[in-house]
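Below are structures written as structure tokens.
Look at the two complexes coming up: subunit A is in both, with subunit B in one and subunit C in the other.
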Partner chain A sequence: MSEIAGSQDGAPDLKRPLIDFLLALADDEFVLGYWDSEWTGVAPILEEDVASSSIAQDEIGHARLFYQEVATLTGMSLDRIAYGRKPEEYRQVQLVDHRRGDWAFTIARQFLYHIADQLRLEHLSTSTYLPIAQAVAKIQREEVYHQMHVHAWLERLAESTPEARQRLEQALECLWPDALGMFEPFPDEELLLRAGILTLASASLQQEWLAAIAPVFERIQLPFPVSRIESPTGAPKYQPMIAPRLGGRRGQHTPDFADLWEEMTMVYRVEPQASW
Partner chain B sequence: MSNLVEHAPGAAVSSDADGEVFEVFQQDRRDSFPHHGGNLRAPDNELAIHYAREFYGRRQESQKLWIIPRAALWEIRDTRQLPAILHALARGDTTPEEYSQTRGTFAIFGQKQDGKPFVWLQDLEQVNLLEAAEAAVGLAHLREEGYLRLWLCPRSAISELTDPDLLQPPLDRSYRRLDGYNIREKLRIARQRVQAAGGKPL
Partner chain C sequence: MSKLIAESSHPALDEQRVWDTLSNVPDPELPVISVVDMGIVQHIRVDAARSYIHVDITPTFAGCPAISQIRAEIRNRLLQLASTVEVDVTVQPWTSDLLKEEAREKLRRVGIAPPPRIGRGRAVPMLMSHPLTCPHCGSQQTTLENTFGPTPCRAIAYCALCYQPFEQFKPL
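Moving on, here comes the complex of A and B:
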């Protein structure tokens, strides 16, 4: 398969799906980073405050890499792309729409998200669209630390006090439908796959994700609402017993996101032409 | 107990509901040896490593970090009084048995004057705490520059972080150093614009 080297080389019918895809990747990180940044000043301990704030900043930095590519493709400014869209033009999954909740909710969501993100990035590192592959190579190294951090906290919450564990279980229960919604196909996913921009179908990524988180749920004995179907020929298949909540990739978002949008775009909307 | 030697300052109150105090040593590519950067509080060793990376490595200022629970450090405050130091260390109530009986490798750190950081001097192999203290004092005397204070700790108590994925991240964060932030580039462009317009530079 030939590699698509630069922004202008994509065939015309791929441009829109490619932009939507980049926006989906960016918006996931952007919105999660925004919510998690709210822990600044109120995290469980001072040191954790700094650590979680900089992880949130990292996520926004990752979003910036993908927005940069959208800017190249569309000629729009980064600020216009990040802050100048209507709520229904954002493409993140609903998992990241929710406000930060308590610490257990934040950690539970980060755990579910980061494992999926790590697998997605691994597959995107061989994308034929080189700007994506290059951005991913940078992001992956930074995600090493995010993974370590979220695992450390997940295990502490699961194994410390009954209250911590209860809050963690409540958070996970609430998040499952949205977590499964992370694997909503991208708009025009078939086209993206055929072009090699996306290298693995979302449904297959979901199977990889379930296989990756299953041992963690087993080890710390958390409810895992997924049945495992053994296959005589290959890897076992995982069948969630909960319906996914979809729509984020098509611009359907929760009321929490509407609140966040109001706040994060407020300054931009006052003077969209301003240069900062 | 003698005030000549004791657990590093604050060790007695180094642990509470917010966790334990950890001392952090750092080494950049320009540094010959690890030097003391500061300390932090963490619930346990694993999170201490995470936080050390945040506080002492996030802006590419360290290629190596050593994270040491304060409870594992002994401080020697007056290297001229070796017998008294050894006497104090030998008292069972101040010295955990594992360090005084078991032989192992000890790291020695020295501070030349108040306000200057402790710097790693040497590792001593196959010694117990008393032997390490004696050798450290001897070492401090051998070196003519003199040391105001010494720290000792078992090498096994040091968590070392050198992973470049964690300490030399691929996305440049050096703009977040105090002199940085990305205002620099904008200032440069603004100056050019003003100059091009024939005005006075900002």
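Moving on, here comes the complex of A and C:
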């Protein structure tokens, strides 16, 4: 499989799937970053006010790395890519569509997302598309602090008061279908896999994610609506007992995202030609 | 009397001059430190005959909000040395090990503890499990109060000996 060094060498039939893929990666981080930033000023304690703001800033920075590559491929401005699309042109998973909710909801969603993201980034670090591999190398170094933060909070909430635990369990129950929706295949996923741009099929990533979550949920005794089928030869296979909520990768989003879109694109839409 | 200012009246343009000029461009978030000290300037290429300078820069953290400002400032300064200046933001991963010794000393002087050298080590354990050194009094009777701080690159700590908070540059 030849290395695709950069946008000049991309084969024409890969360009659209590649752009959509980059937008999906970027939109996940962008939308999540926006919701996380809404804790600024109202987080439970001051340290978490600072933490959420800092994490949100990182997430938007990560989105920008991928948007930058889309800009290079399309010639469009960064602002237009980030803010100039209609809601149905955004490609984030519905897991990040939800508004921030209460603190337990934010932590639950962050945890489910970050485990998947960590695994996805590991696999993308060997993408044949070098700009992705390079962006991922930078992102991974920063993500370690986010991962530590969300792990600590998941445990803290699960082992705290009955109310904390109840809110956490309620949040997880609400989020499971969307969490499974994180592994909706990308448009033209087969093409991306064959080119080595994507190095692991979404269905396989889901298995890795379930295998990573299982011991954590078992240790702190959180509901895990997944059955585990032992295999005599290889790794166990996980079978979710809940249907995934799909559609995000194809532009289907929730009313929460419609609200966010209104607000986050408002300034841009007032004067799209403005230079900030 | 009109003056003809020929290109050749520019003092000799070479890489060292560019590095020297850029070592006077401050990091907007930490004005005592230059973009060179921070390791933000990654690579310089000079073509004196064509009066051309190319600079590659990388942000410390991807979410650095100052990178456009830094880029513009570098470009403006270098336009005093050459007629064509290109400044590109690359995705070369930045590491806190790029901070030079002078930068580390300047950080201490403004109350920021420089990061431990990370090498191939793991950042989070390095921050959480190693004693932090107070930049005010040098004590290690310190606690990490928050892994996150006012900017992506800084955590918040406290010194129990001199009773002062300080910022801890995060290993990355």
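In this text, the second predicted complex is superposed on the first by the 276 of 276 C-alpha atoms of A that agree within 3 Å, B and C clash if a C-alpha of one lies under 4 Å from a C-alpha of the other, contacts with A are read in each partner's own complex, and residues count from 1 in each chain.
The rule is simple: contacts are C-beta pairs under 8 Å (C-beta built on N, C-alpha and C of every residue); 3 or more make two chains touch, one makes a residue touch a chain.
The model shown is predicted, which means the values in this text are computed figures rather than measured ones.
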item	value
Clash or fit, subunit B versus subunit C on superposed subunit A	clash
First (subunit B), second (subunit C), both or neither touched by A:156	first
First, second, both or neither for A:101, with subunit B first and subunit C second	neither
Touching partner for A:47 - first (subunit B), second (subunit C), both, neither	both
Touched partner set for A:248, first subunit B, second subunit C, both or neither	neither
First, second, both or neither for A:59, with subunit B first and subunit C second	second
Partner chain in contact with A:17 - subunit B first, subunit C second, else both or neither	neither
Which of subunit B and subunit C A:187 touches, first, second, both or neither	neither
Subunit C versus subunit B, contacts on subunit A by residue	C
Which superposed partner A:141 touches (first subunit B, second subunit C, both, neither)	both
Steric overlap of subunit B with subunit C in the superposed model, located at which of 57-65, 75-83, 93-101 or 129-137	57-65
Common ground on subunit A, meaning residues reached by subunit C in one complex and by subunit B in the other	47, 50-51, 54, 58, 61, 137-139, 141-142, 144-145, 148-149
Subunit B - residues contacting subunit A, complex	18-19, 40-43, 46-47, 50-51, 53-55, 58, 163, 165-166, 169-171
Subunit B-touching residues of subunit A, taken from the complex the two chains share	45-48, 50-51, 54, 58, 61, 137-139, 141-142, 144-145, 148-149, 152, 156
Parts of subunit A lying in touch with subunit C, wherever the complex brings them together	47, 50-51, 53-55, 57-62, 64-65, 131, 134-135, 137-139, 141-142, 144-145, 148-149
Residues of subunit C that touch subunit A when the two form their complex	59, 61-65, 91-95, 122-124, 128, 145-152, 156, 170, 172
